Amino acid sequence: MEEYIRKQIDQELTIISNEKIANDVYRMSLNGDTSLITAPGQFINIKVPGFYLRRPISISDYDDEGVTIIYKVVGNGTDALCRMRPGDTLMCLMGLGNGFDVNACGDHTLLVGGGVGTPPIYGLAKALLALGKRVTVVLGFGSQGDVFYEDEFKDLSKILSGKDLDVRVATVDGSYGTKGFVTDCLKGLDDVTDYCACGPIPMLKALYGYYDGKILGQLSFEERMGCGFGACVGCSLNTKSGFKKVCKDGPIFWSQDVIF
Amino acid sequence: MVDISTELSGVKLDNPIIPASGTFGFGAEFNNLYDINILGSFSFKGTTKEPRFGNPTPRIAECRDGMINSVGLANPGIDAVINEELPALRDVFHKPIIANISGFSVDEYKYCCERMNKEDQVEILEVNISCPNVHAGGMAFGTTPDAAAEVTAAVKSVTDKPVYMKLSPNVTSITDIAVACEAAGADGISLINTLLGMRIDIKRGRPVIANKMGGFSGPAIFPVAVRMVYQVYDAVNIPIIGMGGVSTAEDVIEMMMAGASAVEVGAANLVDPFTCPKIIERLPKLCEELKINKLTDIIGRAHG
Amino acid sequence: MVDISTELSGVKLDNPIIPASGTFGFGAEFNNLYDINILGSFSFKGTTKEPRFGNPTPRIAECRDGMINSVGLANPGIDAVINEELPALRDVFHKPIIANISGFSVDEYKYCCERMNKEDQVEILEVNISCPNVHAGGMAFGTTPDAAAEVTAAVKSVTDKPVYMKLSPNVTSITDIAVACEAAGADGISLINTLLGMRIDIKRGRPVIANKMGGFSGPAIFPVAVRMVYQVYDAVNIPIIGMGGVSTAEDVIEMMMAGASAVEVGAANLVDPFTCPKIIERLPKLCEELKINKLTDIIGRAHG
Amino acid sequence: MEEYIRKQIDQELTIISNEKIANDVYRMSLNGDTSLITAPGQFINIKVPGFYLRRPISISDYDDEGVTIIYKVVGNGTDALCRMRPGDTLMCLMGLGNGFDVNACGDHTLLVGGGVGTPPIYGLAKALLALGKRVTVVLGFGSQGDVFYEDEFKDLSKILSGKDLDVRVATVDGSYGTKGFVTDCLKGLDDVTDYCACGPIPMLKALYGYYDGKILGQLSFEERMGCGFGACVGCSLNTKSGFKKVCKDGPIFWSQDVIF
């Protein structure tokens, strides 16, 4: 079959670890070919044995050897995923979506993650810090038991630039960090040049309203997908520049394009 | 050497494998993944007169061995299809194209088919009178023999290309509809479109998809598709494109033995984008195992 | 403490789980395996006036996530059912029984329902106007509103027990049939019966089952069943027994949210004979997880 | 759930070995609870992962530790079965069907196996020899490559009674043993008191015709089954004593009951 194949996006990955890191939230590391991943904010689409549709999960981190994903158990498919063990293999469509445009980021980029929207922000932070850019991280969760990756973000700073990274956490119920939403954590960040965010729509909308067009943002959207690579048009988004496919034209859209 | 070529109303296909409308866009996404010229043909995204966003999202739900979509005929509209999609496709795809047309009135079907009639690379018109997603739309035409015949006659009057009517399975008698289409001049029948299905999110106590119900496809519906192809083969004398849950070369053989001259592959493209190349690769070997020398010999074989 | 009891036309059930007719015989096989008194009720093997061998064998075919049967109403006939099966059942089963009745003429339906009316332990009559297996039989009645209403009115005239009409899904408009049954006096609606399906053995080039087509059931058809229960709930004001591919406690909840007051479990009993006990065991725990205190509160909840 | 359960027929068995013994024919040994097996000729109904209906396979041999089955790859389900490995587990409905009535067997029972109808005959031979009864075995196959278990039958004799067991083999194409059918191997067996047979219907019918009611036989039937335990009435057989379920009333029927 090789002669017809132009881009083999369906790769077999092997689970290295699969561990719980917060309420219903798991981190899975997988070994395999990552050459198709081109930017933070992309996702992989996972065939979970026994389920018909694949599960699109954003990439938290990757290197030449494999990827790390962080996912929440929200249904039967992710429940089956969290029961899989090291050594098990998964077929994954690799390197889907546009990802964040790191070159478009300014001198001080605000990075915002809400709940399981946090993982792609981690990969983005790593990429921006590697480019020597300045970032501030704000994470929002429901409650203390939902919080994850605050330390991992702080560690990034030490490894990459040697000075402390400003990482702020809000919880809706106030059980950890600032009580409230991510927009309650933005004090003293007047020199922010742009923002990148992934999380629930109300959070994206609140950020959009907070900055009111004064600075631009890259916003990552979620939608129920059929295929994940632009074929079925299941996950459409109506934007100011026309109908877009969240899986292929997105999942990252510029704030000025979004219709809230 | 096994001959896996087939023919639809004089249009020769190198093999019977045709990605189904709505699961293959206008080919670009898949052409990035493999050379789509290996396909027998393909049926492009259902096209309407006006551009359409389609139904509100979420519009995808999972089922056991299948999925529900309520995409609702999202498409760029016939102007953009003719002016942008088809020229781009022409550059990369050199096999016969099937134009899938939907409409909300007989006039709209006529308008779109007349426009498509002028497109050289389009060799067959597949007229969808069955999409269950649009409240005011296609459903009505496909559910009575009279309305199906009316659309058939109307589009036949404006095109000299073969017209294949794509039927809804959500009817009491699929043969009545097929016979009415044949009598009105249809050159062939495509079936089945999706079954009307629904899922409920028990955590929220609400339908999974915004539009409540949608079109159910995937391997789960294959036995219904085989049954209807078998019935229609007995009822009409025009060729059938069989579809509905086809995912493997074995399914292709079963569909052709039921009576299909060619076979469309739908939902399977979405979960494994390499489904069609895999089937095309496997088909000659499977034919050898089954002692089939010429694939067209088996069309309708199960009728004995 | 979660209350999982429910009610059908005044008949109280400890839980909504009812093995579906044709998958549970007259209970003896399962009573050897577990105490069937844990069930809400059960619907016994479809009974006709005369004993029937049914269709020729083979009459079972496998599908992805489902199966096709063309058993064809094999049963010992109403005399043997009343004189042998029901007395034996009475000794071991102390819950309400649903008598499932089939027929090949209105008179035959009437005859059987009149006989069953005298059986005390039978609390509900489920009248099958939908079995797709018998050439000359049930199919016709379930496919038009008039014929469905005629059977309904006829059996209502000879019984004072609640009558539930069991509908075929192989129709263009399930709501038209349900509404006609309600207008003719039906006390409830059971749906869905099997979809008409077919498989072909590609090695032989012949249909797998002797009768060519048969009734397709199992998890594959669940989305069609949920959709039809949802539609019928909107269309009638009588209770619904939902069925079609139900295999888990989650499926039971989904079916009730669509509009079912109780739920029948069919094909699942055949592949795992302990399906019903497993569902009954799981149901209260699942209700707790979903914060449901009283199961009847969720009937039709998805209509929101 | 235990309090409701009267007879737990659905048991988890572990595969010990799974090996090819003839063309498309495999022998699988499974470990597990065999207490529900009561007679040779019974079958187990196996849930092959990924397939909806179970696969009924007759028991070739069993002891307190487990069962041995011999099966032919005839479709996708049995193909998946033959790819399973030692250590894999299978859910099986145990001890289904009536089995052969060993006590009804006479002084010299002819045991006939045709193709993959041979396995239950092996267990039956073992049981009869253990009771000190005399048996003659006739096996029929298509061709030499299909032949299996001739040696195992011969070995039975040595272990159990110390003298040679008469085992005859016919192949349709004559590539091994007698050319022809099992009925071509019956010379010199005039003192046979009864027969037990498992194989294709034409073979059963030929035996029935050969003995023409002079001696009685126990015949094992095959039919496509839904459940395997009498619930679905999928596998009916019309007999002289009424409609019977092959899975529950059979698979063994007395020859005088069968309508050929």
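Each chain carries a letter (A, B, C and D) given by its place in the written order, and its residues are counted from 1.
Convention: contacts are C-beta pairs under 8 Å (C-beta built on N, C-alpha and C of every residue); 3 or more make two chains touch, one makes a residue touch a chain.
Since we're looking at a predicted model, the values are computed, not measured.
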Interchain centroid distance [CA atoms averaged], subunit C/subunit D, Å: 36
Centroid spacing, where centroids are CA-atom means, of subunit A and subunit D in whole angstrom: 58
Centroid spacing, where centroids are CA-atom means, of subunit A and subunit C in whole angstrom: 47
Shared-contact residues (touching 2 or more other chains) in subunit B: 63-66, 219
Touch-based graph of the chains, sorted into line, ring, star, complete or other: line
Touch relationships between chains, expressed as pairs: A-B, B-C, C-D
In the complex with subunit C, residue positions of subunit B that touch it: 63-66, 68, 143, 170-172, 195-200, 202-203, 205-207, 212-213, 216, 219-224, 226-227, 230, 245, 250, 253-254, 257-258, 290, 298, 301-302, 304
Interfacial residue positions of subunit A with respect to subunit B in the complex: 1, 4-10, 47, 51-54, 77, 93, 223-227, 229-238, 243, 248
Touch list for subunit C against partner subunit D, complex: 22-25, 29-35, 38, 45, 51, 53-54, 57-67, 69, 71, 74, 208-209, 218-219, 269-274, 277-278, 281
